[in-house]
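Here the structure comes first, spelled out in structure tokens, and everything after it is commentary.
Here the chain labels run A, B, C and D in written order, and each chain numbers its own residues starting at 1.
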Amino acid sequence: MLEQLKKEVYEANMDLVAKGMVIYTWGNVSGIDREKGLVVIKPSGVDYATMTWEDMVVVDMEGNVVEGKYKPSSDTPTHLVIYKAFPETGGVVHTHSTYGVTFAQAGLDIPAFGTTHADYFYGDIPCTRDLTAQEIEEAYELNTGNVIVETFAGKDPMAVPGVVVKNHGPFAWGRTPAGAVYNAVVLDKVAEMAYNTMTLNPRTKRVQQYLLDKHYFRKHGANAYYGQGSEDH
Amino acid sequence: MLEQLKKEVYEANMDLVAKGMVIYTWGNVSGIDREKGLVVIKPSGVDYATMTWEDMVVVDMEGNVVEGKYKPSSDTPTHLVIYKAFPETGGVVHTHSTYGVTFAQAGLDIPAFGTTHADYFYGDIPCTRDLTAQEIEEAYELNTGNVIVETFAGKDPMAVPGVVVKNHGPFAWGRTPAGAVYNAVVLDKVAEMAYNTMTLNPRTKRVQQYLLDKHYFRKHGANAYYGQGSEDH
Amino acid sequence: MLEQLKKEVYEANMDLVAKGMVIYTWGNVSGIDREKGLVVIKPSGVDYATMTWEDMVVVDMEGNVVEGKYKPSSDTPTHLVIYKAFPETGGVVHTHSTYGVTFAQAGLDIPAFGTTHADYFYGDIPCTRDLTAQEIEEAYELNTGNVIVETFAGKDPMAVPGVVVKNHGPFAWGRTPAGAVYNAVVLDKVAEMAYNTMTLNPRTKRVQQYLLDKHYFRKHGANAYYGQGSEDH
Amino acid sequence: MLEQLKKEVYEANMDLVAKGMVIYTWGNVSGIDREKGLVVIKPSGVDYATMTWEDMVVVDMEGNVVEGKYKPSSDTPTHLVIYKAFPETGGVVHTHSTYGVTFAQAGLDIPAFGTTHADYFYGDIPCTRDLTAQEIEEAYELNTGNVIVETFAGKDPMAVPGVVVKNHGPFAWGRTPAGAVYNAVVLDKVAEMAYNTMTLNPRTKRVQQYLLDKHYFRKHGANAYYGQGSEDH
């Protein structure tokens, strides 16, 4: 079942490795079929070198395995919370990419310093609050999703399609699994540029709002004119 | 038409990727045929992996598409301003390379700290002023070109063949499309070395004027003696 | 003799190069057969490009060569001390990997700042004290092992399977030679992330104990639920 | 003539590229035949991709071209001064490698912080003084050699086989062209580690003299016991 989506999710997981976002098994990508209410996700801790598209696991929206010989990623509950709360998402990614983790560990938002950032993220990429000991003990992965959703209260999650979870690392999402990977790669690259900028000049100010607006809306929304058509991921 | 120039521009775009200056579609190279008054430029947002030399777009000096099935790069008006103002340029490059963007975001010139820099750039690589909200709203890409030209008022643009646009990223140019790419690669490398130097020793002074002179004129101009002939890009 | 272990040790040494932990001959991996009381280790200073599994050297627990045409790694006495003191280790690795050496030279523990670290190391990765002049003169490599063991007095070496030796570099260990290499790679990656975190925000605090507990025990021990089975290296 | 040495020098130049020390034509290696009093060196500004061993240029000790269709590297006079002053050298290398240049631009010696450094360089790798305007105008490349020799007055150049020339970049040497490249690679790697160490902990002290002694003499000289024989480069 869901052969096409399994292949997309598999390809997106492999692309994450090819783009240098993941070593060993330190990442996972999922995709959703919203009509059927099913999510396809990478199995937990399986080696990328031997994994095939048929190893992808199908779960329902409560995380029950519907098909698959492997256990799904241990981060599955986090993915499900994101799909439920952000209805436009078609794919979700989690990585431990170096610069995303750097900001997560430092407990800092990734500031919007320039147009590279603004082309894909309409404002700072936020860092969540700490999870409490109780939240971690009771339902760690579920509450990781909840704290992400809480961080986006009142905001459009498709305008800033990523977050760094405090002391943990980045999650990103998109309209497709491939789009989610694209956003995860951009998140790490703009985090690297922001790290460089802040260590070079700690007093650097954020990009002006009107330049942020210009670049974001040059690529996204009704008046976009970059590319040959829609550039939304 | 312009088959040879299209091939040169295509090769220069691909070299930008091979040199690690670009991920995804984050860069563009153009070349000019000054006799015909036509510019060949990369199409907007087309994947490098599938792009061919025949996908290059031909525009006139007002940016009208003369030939090509794709829309030209959205940065085309910036390229055209540079060609009009700097008559010796044969190629123009725009990237979001990591260290060029770092200085653009920090709002700092890339200081001439050593001979690696001096071999190609005769002095600091300047950072432009901020564009105003009005300049961005009225004609963003055109005014990006204008602020570059303004930054070089009274200076020789072939002696310092590159710039970082505030909060945005580098533009570089050269006598050919390949030469422009060469200068874009050097810009990022000397920016990396300058970043390292400034974070290691914030009180570092610029290279002495006589060493700057020696290295620049060892490679450029009538008395050059480096290489087997002209090294000018 | 010990053909299987020689192959494992050879593969682990080659993987160290493939993972970018080693240039030239700057690293070594060993493995132990605890029943026979024999250790297989890389020969000293032999080029990785021409080395074969049959070049691995077999030594007894006093470091006497039992089989092999080459001299064993000069660090063999350090490996032997680790095997004797930490009875669960099946493999030991030494590298001069860039970020591990950075902390060794700075004389700092690698702080546990996040879940990437906590997934494999249950707390800070310690930096040893200085060796004394006498310790170095009398038995340098042996005393390097001794100062590592001293650093872990009262601690579980399998919970923090690595160390940085002051002014020198990292040693890591694991249940197998491959597991030791895995831990050496993780040590360098979390050291890189910690370096970035500390230079970005010098006031960063360590990860909370309850998040450290959660991530470590999600992967290790009786209640582990990450992966398809045991993830212990 | 000198076919074997030409091949060695060619291979050493190509290895410099393979090891990531050089982009474009930013480096050169030479080798000497001391019996014949002839030096073989890379031609100036020739593309590595098309260069063959037969393109190497033979010069005498005054820099006159004895054989070769190309002009020799413009740095040839610097190489010759080093060969004349340091009689044990068989190969000389110049690069603009990133971390070597970082220290050259910052005007700082590369401090001996650890055993990675001590294994190859017996003490700090010095940064030369500034050349004067007169020295640059009169005989730039010759005086670059002279200031290197001056920096090593009273020191053994084979114990510290490299230097960074102020505001310029590294030179390294060795007993063979391949050995010189090895030392140039080590210089850049220990410079990177030193950069990291100093930015992480600006108050870091140098390695203790007795550990420096131990590691250096473990690999070099009459009592060396690392490797299968001599490790001297």
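Basically, a residue touches a chain if its C-beta (ideal position, glycine included) is under 8 Å from a C-beta of that chain, and two chains touch if they have at least 3 such contacts.
The structure presented is a predicted model; accordingly, all values stated were derived computationally and were not measured.
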Response to the item:
Every chain in contact with both chain C and chain D is listed here as none
Worksheet item: If you average the Cα atoms per chain, which one ends up farthest from chain A?
Response: D
Worksheet item: If you average the Cα atoms of chain B and of chain D to get two centres, how far apart are those centres in Å?
Response: 33
Discussion item. Rounded to a whole Å, what is the gap between the Cα centroids of chain A and chain D?
Written reply: 46
Fill in: Junction residues of chain B, two or more chains touched
199
Discussion item. Graph shape for the chains shown, where an edge means the two chains touch. Line, ring, star, complete, or other?
Written reply: ring
Discussion item. Show me, using the given definition of touch, all chain pairs that touch one another.
Written reply: A-B, A-C, B-D, C-D
Practice prompt. Using the touch rule from the top, collect the residues of chain D that touch chain C in their complex.
Written response: 113-116, 182, 185, 189, 192-194, 196-197, 199-201, 204, 207-208, 210-211, 214, 218, 225-228, 231
Response to the item:
chain D partner, complex, touching residues on chain C are 23-26, 43-46, 70-71, 74, 96, 98-99, 101-108, 130-131, 133, 136-137, 140, 167-169, 195, 198-199
